[in-house]
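In structure tokens below, several structures.
Common to both upcoming complexes is chain A, partnered first by chain B, then by chain C.
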Partner chain A sequence: MTGEIGQLALCLALALSAVMAVAGLLGARANAGQSRAVASSTAMGLLVFVALAFGSLIYAFVTSDFSIATVYQNSHTLKPLIYKITGVWGNHEGSMVLWVFVLAIYSGIMAFAQRGGERLTSAALGVQGLLAFAFLLFILFTSNPFLRLDPPPFEGLGLNPLLQDPGLAMHPPMLYVGYVGLSASFSYSAAALITGEANAAWARAARPFMLFAWIALTLGITLGSWWAYYVLGWGGFWFWDPVENAALMPWLIATALLHSALATERTGAFRSWTLLLAILGFSLSLIGTFLVRSGVLSSVHAFANDPERGVFILGMLVTAIGSALALFAWRAPQLQSGTAFDIASKETTLLLNNVLLSAAAATVFIGTLYPLLLDALTGEKISVGPPYFALTFAPLFVVLILLVPFGPRLGWRKGDWREALLVLRPALGVAAVAAVLVFAIATPHSLVAAGAFALAAWTIAAAIVDLVRRGDLRALPASAYASALAHAGLGITLMGIAGTTMWRSEGLELLKPGQTMPIAGYTLRLDGVEMVQGPNYEAERADIAVFSNGRAIAVMHPEKRDYPAEGQATTDTAIRTTGFSDLYLALGDQRDGGWVLRAYVSPLAPFIWFGGVFMALGGLASLWGRLRRRAVPLEQLAAAE
Partner chain B sequence: MNPRKRRRLYFAVALVLAGVGGAVLVLGALKDNVLYFYSPSDVAKHHVAAGTAFRIGGLVEKGSVSHGAGAEVRFVVTDGNAQVPVAFKGVLPDLFREGQGVIAMGALDRSGVFDASEVLAKHDEKYMPPEVVAALKKSGHWQEGQKPQ
Partner chain C sequence: MRRLLLAILLSLVSAMAFADTGPDKLADPALEARAVALQKQLRCLVCQGQSLDESNAPLAADLRRLIRARIAAGDSDEQVEHYLVARYGDFILMKPPLEPLTYLLWFGPLGVLLIGGAAVALVIARARMRLDPGDR
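Coming up: the complex of A and B.
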């Protein structure tokens, strides 16, 4: 029964999205109050029916209803409840329903809040309706999650064990909230182009959505990287895998968008540029979805290899991006340009930020798509590895990070570089001390390490200096905390990346019980390996005693798990963290009465993710300030500046 | 030319220069840092020079896996027509099995052994790396029963 309810709900949602698209776009005309009301109420209806479909799918997974093909292929009665639920989006069909669900939530919020006026909202809802219509069509025709099996099997095939992990339970929804969140700023931009209302009010209306999407993307990427670190057993946190790049590109553009929208909102500068970034951000989300979901990439994320789906998404991609860009090319020249600004001004720093971030996104884009293009054209199969990204992406980020502290210290329209530098002198001092210390103390003595830590110290110290120089910390606006937190987060992540890549120690040995291996000041002793039974797996669990300076400090238990239902094995790493450094153990194969043990000591590794959390907190602070300030009229704001 | 136009011209010139500079950097980086994928047949045919890094993919030949000193592993990658011996020091991925698809990254040494720095196996039972599928199809040893997913 749940299958039929879900199916019916999806069909009704499809019909509603069509009505919403037409009514919303008609509502963009002057005096079309009735259409606007229809658009808003259909947005609510869409949310209700998509929620119903999503709910029935979850219910089918929780009750292990194997008469539904998706459930049969991706679930198992013995799976713990949480993984039954997360299994809903651990497959192609379910993840597409989640996608549309998130889209419907955003549309509902847009309809409810009516930010930027009824006309703009209506046009934006129209665009959201078009997107929802396309995705629902895609689900119903190529990826129906409610297809029945007759007769129903007794037991399901289970979920890929790599995905049975708490970190990964949250990663896809978080990333989708970010990916799809960019649809809201995309729709607002298209709406602004349609109505010609690309003004400060529009930028203010779209900004909370941009912020929210950016926060979710930041956390989603952070979670994904953390998951890869502790699950894959290689001790790495970023692989420049095309699927990771697919999430990084929208993040880079969304970061640029947040900064350029700031200028649009305050002074009306970069109007068309902000519109274009909003369009590009969501376009990259769509491209990411295409790359990940069409099976052109080989990856743990590539659920589907159905050419029909790939063609459908590609068609959708080309239509959405093409028509948005055409709309932009047609309407953007008619926008009035913003006020002029001096070369020494906040606007200049925001412009540089945008140029550098867009260029960084472009290098990632080329590195990710070039192999696909070459394969399609010549049949040659190549891959672009980390050295390419180190050569192109890293230099751009070095310049970006050098400039970051100046942004908050320069005034709108006219600022003073020298004065900003004068204020930031203490941060410069901290950076110099950090460089000297790192070069003198850490071995091997490396200029690159010294430079990286100087840069990190520069951003973090500058964020603190900026806050302190603004006066009473309790009276500061949320936006001051927002930029300080986010910029400091960038420095913290940089420290983590520099620390792990330059100072990581690696050990790999075949240990028999009782034997020891040394690694970076620790001694590891294998005390034995026992078989343990998990809820839906059995594992070889090692007892490893960790000694530091001859003192036993911990016992760690890396595991090798075997999932009989899925016929797969996974490595369950053991990580002991001090917050400043990780001791990381992965158990390998058994051989000649011993076990292969892989050990890493990664200094500062946790900082990579702490930094991500800081950035997200910065976003939250900005969002908080934004929503609280909403009641204050614009003139008062301008006067307060 | 009024000042506004002149400023625009400077801006456009700067933008073009930056674009060209960026393109040169990117192309240079691409040229030196792409890894080609070869099947064992390609390796036999093209005489890839020792020390040139590339990726190799195929099936792990049945009965070919042997363990050397410590954590060293040796195995043979085949596409049915040609074989390449591989040496690797490290922990093999969880789904590394004889008769299954594998991709290794590294370079040939002087004796023709592929010295792997990284070994990737498929992610799960249903999945076979697309490059391996293509290589097997090319060598005529692809069976339709095998699911590429």
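Coming up: the complex of A and C.
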């Protein structure tokens, strides 16, 4: 029965989204109050019915209703409850329903908040309606999660064990809130182009959505990176895998967008550029969806053989991006910004931020798509791995981080870079000291390490200097904290990346019980391996005694798990962190009466994710300040323009 | 980022289900360091995005042994790489070679940066002209 309710709810949602699209776009005209009312109420209706469909699917997973094919293929009665629920989006069909659910939530909020005026909201809802319509059509015709099996099987096939992890329970919804959240700024931009109201009020209306999406995307990527680190068993945190790149590209553009929108809100500058970034950000979300959902990544040829889903998404993508860009090309030239500013000004730093971040996004885009294109066109196969990005992406970020501290210190329109440099002198000093210390103390002596730490110290110290120089810390606006936290976060992440990359110690030994191996000042002793029974797996669990300076300081338990239902094995790493350094153990196979043990000591590894959390906190501070300042009437802003 | 996962997963899962063949180190630490450095630059052919250094797949273990065998036989790093490229193609290199087919890959980012930089310079120059003469 739940299957039928869900199916019906999806069909009704499809109909509502069509009405919402038409009514919303018609509501962009001046005297169309009725259309606008229809658009708002259908947005709420869409949310209700998509929620109903999503709820039915969760219910089917929780009750292990194997008459539904999606549940049969991705669940199992023995799975713990939390993984039955997260299994809903651990597969193609369910994750597409989650996608539309998040889209519907954003549309509901847009309809409820009515930011930026009725006409703008209505047109934006119209665009949201079009997107929802396309995705619901895609779900119903190529990815229906409610298809039935007759007769229903007695037991399900289970969920990929690597996905049965608490970090991963949160990661996909977080990422989707980010990905799909960019649809709101996309829709507002398209709406601004349609109504011709691309003014400061529009930028103010779209900004909370941009910020919220950016925060979620930041946390989603951070969570994904952390998950990969502790689950995959070899201590890496970023692999430049196409699927990771698919999330990184929208993040880079969204970061550029947040900065460019600052200027647009403040002085109306860079209006058309902000519009374009909003369109590009969500376009990259769509491209990411295409890359991951079409199967084109695993093989160009697999895609060509079973193209139904891929072609549908590709069609959707080309239509959405193409029409948004066409709209932009048609309407944007009418937007005269004509602002005046000097070379040394906040505007200039924002433009440099934008060009560097866009070039970084373009680099990831080229590096991700080039091998696919080359294979499709010539049959030539190449790999684009970390060394490529180290040579192309990293230099852009070095320049970006060098410039970051100047942004908050330069005034609008006309700043004084000499004074900014004078104020930032203590940060320069800290950076120099960091470089010298790192070069002198850490072995091997490395100029690259010294440079990386100087850069990190420069951004972090400059963020602190910036706050202190602004005066009474309690009286500062939230925006000051926002930029300081986010910029310091960038430095913290850089420290983490530099620390683990330069100084990670690795050990790989075959240990018999009682034998020891040394690693970076620790001694590890294998005391034994026992079999342990989990809820839906069996594990070999090692007892590893950790010694430091001859003193036992801990016992760690890396595991190898075997999931019989899924017929797969995973490594469950053991990590002992001091907050500054990780001791990381992964258990390998049994061989010749011993066990293979992989051990890593990764200095500063936790900083990688601390930095991500700092950036997200910066976003939250900005969002908080924004929502509190909402009381300022729009007319006042229009007058200021 | 179910997506992120799926791709990594599909590959890893297959890799993890197989045996970790464990250490087969060269006795000479200098040679072993060369082998490790090499296997970080080479790609596991059956996984997605992992280097030979990280992969647990049997083929990766075979190739790690092969690299050590060639190094022990006196091959230089380049010779080992050439040998592997001759057998498996450019696909095995994490760093794609610079050749006419990859010019766009290698110089594309620079092109984007130059075009973007030129556009920004133009915008700044025009914005500066609009300032009152006293402010310039």
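A few points about this structure:
The definition used in the following text is that the second predicted complex is superposed on the first by the 623 of 641 C-alpha atoms of A that agree within 3 Å, B and C clash if a C-alpha of one lies under 4 Å from a C-alpha of the other, contacts with A are read in each partner's own complex, and residues count from 1 in each chain.
Note that in this section a residue touches a chain if its C-beta (ideal position, glycine included) is under 8 Å from a C-beta of that chain, and two chains touch if they have at least 3 such contacts.
Quick caveat: nothing in here was measured; it's all calculated off a predicted structure.
In the superposed model, A:Gly288 makes contact with chain C only, not with chain B. Residue contacts after overlaying the shared chain place A:Leu422 against neither chain B nor chain C. In the superposed model, A:Pro172 lies in contact with chain C only, and not with chain B. By the touch criterion defined above, A:Leu352 lies against chain C but remains apart from chain B after alignment on the C-alpha atoms of chain A. Chain A is touched at more residues by one of its partners, and among chain B and chain C that partner is C. When the shared chain is aligned, no partner comes close enough to touch A:Leu473: not chain B, not chain C. The intersection of chain A residues touching chain B with those touching chain C, taken from the two complexes, comprises 160, 162, 233, 298, 355, 359, 362-363, 366-367, 370-371, 380-385, 387-388, 391-392, 508-510, 567-571, 588-589, 591, 596, 598. Per the touch definition, chain C reaches chain A in the complex via residues 1-10, 12-13, 16-17, 19-23, 41, 43, 48-51, 54, 56, 89-97, 101-102, 104-106, 108-110, 112-113, 116-117, 119-120, 123-124, 127-128, 130-132, 135-136. By the touch rule above, chain A contacts chain C in their complex via residues 89-91, 95, 160-163, 168, 171-172, 175, 220-221, 224, 228, 232-234, 236, 239-244, 246-247, 269, 288-289, 291-293, 297-298, 338-343, 347-348, 351-352, 354-356, 358-359, 362-363, 366-367, 370-371, 374, 378, 380-388, 391-393, 396, 413-414, 508-510, 567-571, 588-589, 591, 596, 598. For chain B in complex with chain A, the residues that touch the partner chain are 18, 22, 25-26, 28-30, 32-37, 55, 67, 70-71, 89-92, 94-95, 123-125, 127, 129-131, 134, 148-149. The residues of chain A lying in touch with chain B in their complex are 160, 162, 233, 298-300, 302, 305, 355, 359, 362-363, 366-367, 370-371, 380-385, 387-388, 391-392, 508-510, 560, 566-571, 586, 588-589, 591-592, 596, 598.
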